[in-house]
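By letter and in written order, the chains are A, B and C; residue numbering begins at 1 in each of them.
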Amino acid sequence: ATATAQAAPATTNQGATMESSSSLQAVAPALQQYADQRLMGEVWNRPGLSPRDRSVVTLAALIARNQTAEMQQHVSLALDNGVKPGEISEIITHLAFYGGWGNAVDAANITQQVFQARGISAAQLPQAGDKLLPLNEEVEAARATQVAANFGAVSPGVVQYTGEVLFRDLWLRPGLAPRDRSLVTVSALIANGQVAQITYHLNRAMDNGLTQAQASEMLTQLAFYSGWPSVFSAMPVIKEVFEKRPGNQS
Amino acid sequence: ATATAQAAPATTNQGATMESSSSLQAVAPALQQYADQRLMGEVWNRPGLSPRDRSVVTLAALIARNQTAEMQQHVSLALDNGVKPGEISEIITHLAFYGGWGNAVDAANITQQVFQARGISAAQLPQAGDKLLPLNEEVEAARATQVAANFGAVSPGVVQYTGEVLFRDLWLRPGLAPRDRSLVTVSALIANGQVAQITYHLNRAMDNGLTQAQASEMLTQLAFYSGWPSVFSAMPVIKEVFEKRPGNQS
Amino acid sequence: ATATAQAAPATTNQGATMESSSSLQAVAPALQQYADQRLMGEVWNRPGLSPRDRSVVTLAALIARNQTAEMQQHVSLALDNGVKPGEISEIITHLAFYGGWGNAVDAANITQQVFQARGISAAQLPQAGDKLLPLNEEVEAARATQVAANFGAVSPGVVQYTGEVLFRDLWLRPGLAPRDRSLVTVSALIANGQVAQITYHLNRAMDNGLTQAQASEMLTQLAFYSGWPSVFSAMPVIKEVFEKRPGNQS
């Protein structure tokens, strides 16, 4: 019964059951009202980014910063919003490499509880040996050449695994679309303040199909979950990427 | 009895009961001695920043980085040092926006235990609908115009909520003085390494009444709680703010 | 029995028992395979950095970011890899100052369980009053003069404790070699994205005996445990340090 209750659907339409907790009400009633009226009642329903994508962004931000307090609720909400179990599995795997291994383990522990409560079995999840998506060899060769030129003498190991494990393996796993991997990656970079990596990955995200309007709303979502300073530190770089994209140049 | 013990006053004058733990003594006796002799026995009693303000800075740093290990003790110490329950409530609410929503939820969960043990009821806390402090419309208009010019095309949502939720609402809530909100904000920025946001908020803090001597001691306090690197990364920017303040310019 | 099981040796040679967990297998089987085949089966056995040093780097990264999910396993693995109990004690103490006090307390709590299960007593650990290593007064005087000139007016307290507590005390404690303190410090800086502090501390590390090949492999290890973005943000600065070291200049 407890497990069922924990996994009960938390929707944005049925009285803002998310982001509610007895402790917020008891300790910070003003924050509870911001949660009800602004965050769940407004931000999650804004146009420009679907509730499904907002869940992807939110999960990425929580996992990247290891904010576990509401992670179980947000895994449940993500499933309700249409993120597939296999996609959550791949988000966790992806963020082991882009947010820190230990964070992914915490996220797996929490997600396991939700999956168990909902009867989601390992058979529904992507497997280690899944056939990879095709690789654009030309693009990857250009990336590898550039990174090897920059850092081949600094850390051959990092350069090697960046190719072998990340761009020739992880990014090609079929359980999460490249556009969604990019959305997860950029969200994690912003949440963790890793501004220097945003230019490459936001361009990649937009090459992979993320629109500027979606990226813009990703920032609104992240302001609430990762905090305003992380978004304001990222916006100058994001502005520059937007302005330099083909079609935006005069 | 347990609850009473947990909430027993932890003061800086009665044998350095804070920062003590059986695990420090068992695993890192040298760290225990630094805690007793330097941190509790010396830093907390330095002039320049009151124990009350040191508690505000420390709570902000712990919440901003989600360092929960000693948070319950520090909520208790804050109350003993004169931080009002309603101010702690507002610090948590403020840091949901400046440190990350999930961090605030963890802090609320921990604080609820201290409030319960001390019999602090919701009636003693600021409410969601409290009458707001007056707004300096001219200053806010200038801020909003600047941000809209910079980032209006990057994320209209962020720009909108920065005005509506933060500067026309959160910052005007009467349960925490603007000077204290600024102290919380700057402490969180330093703790999280968000150096690019310090210039604006430290100037705002000093406009709100924080003295240079207090800001200086805030750094000493943060060195111990957020770590030396976070303070050394912030000091060049802080130095520049100090030097450019009116009255410091030759 | 439980305690014994928890402390059972987790080695890199006996079937990759580390980085395994029922939750990874249940939620993210692909990540489990990366753990088995790449991380435990390959990275930990790479030449260039000993398993002992990899454990030092990994512990530093986990403590610096408060990634507690697998910390108990990694404390055990560190002991199996030859890191002495007293060195773990000093790593925790060191990172209280370089990673944040609250992180060190969490690490002490977790380490205490491993020490208890293995029968490691406080008598085996460095004590607070241990005789300090000799100080190079000339080098320290140059450092202190520089920092005082830069930041003496910004925060006299920080400047004072940087000398008294860090460079004239903590860094001279004999329980952890200066080269290892530097390895811990640089790992923590990279894990936390504190890029501005890397130049000084990586040079210090190499002055203390860390080779360029070891620093290079430290980056490979950190990519897996702190995430790729933290390493890629650090590499430009590390490259510059390598190129400017005496003997690398043409």
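Here is the rule we use: a residue touches a chain if its C-beta (ideal position, glycine included) is under 8 Å from a C-beta of that chain, and two chains touch if they have at least 3 such contacts.
For reference, the UniProt names are A, B, C = Carboxymuconolactone decarboxylase family protein.
These figures come from a predicted structure and were not determined experimentally.
Trainee: Would the interface of subunit B with subunit C count as same or different, where same needs over half of all numbers used to appear in both copies?
Mentor: different
Trainee: Give the rotation angle, in degrees and rounded to the nearest 5, that superposes the C-alpha atoms of subunit A onto those of its identical copy subunit B.
Mentor: For the C-alpha superposition of subunit A onto subunit B, the angle is 120 degrees.
Trainee: Report the inter-chain centroid distance for subunit B and subunit C in whole angstrom, where each centroid is the mean of the CA atoms.
Mentor: Each chain's C-alpha centroid was found; their separation is 28 Å.
Trainee: For subunit C, write out the residues touching at least two other chains, lowest number first.
Mentor: 66, 193
Trainee: Which residues of subunit A touch subunit C in their complex?
Mentor: Touch residues, subunit A against subunit C: 66, 88-90, 92-93, 95-106, 108-109, 111-112, 115-116, 122, 125-130, 150-151, 153-158, 161-162, 165-166, 170, 173, 175, 188-189, 192-194, 196-197.
Trainee: Residues of subunit A touching subunit B in their complex?
Mentor: Interface residues on subunit A, with respect to subunit B: 19, 21-34, 38-39, 43, 46, 48, 62, 65-71, 191, 193, 216-217, 219-220, 223-233, 235-236, 238-239, 242.
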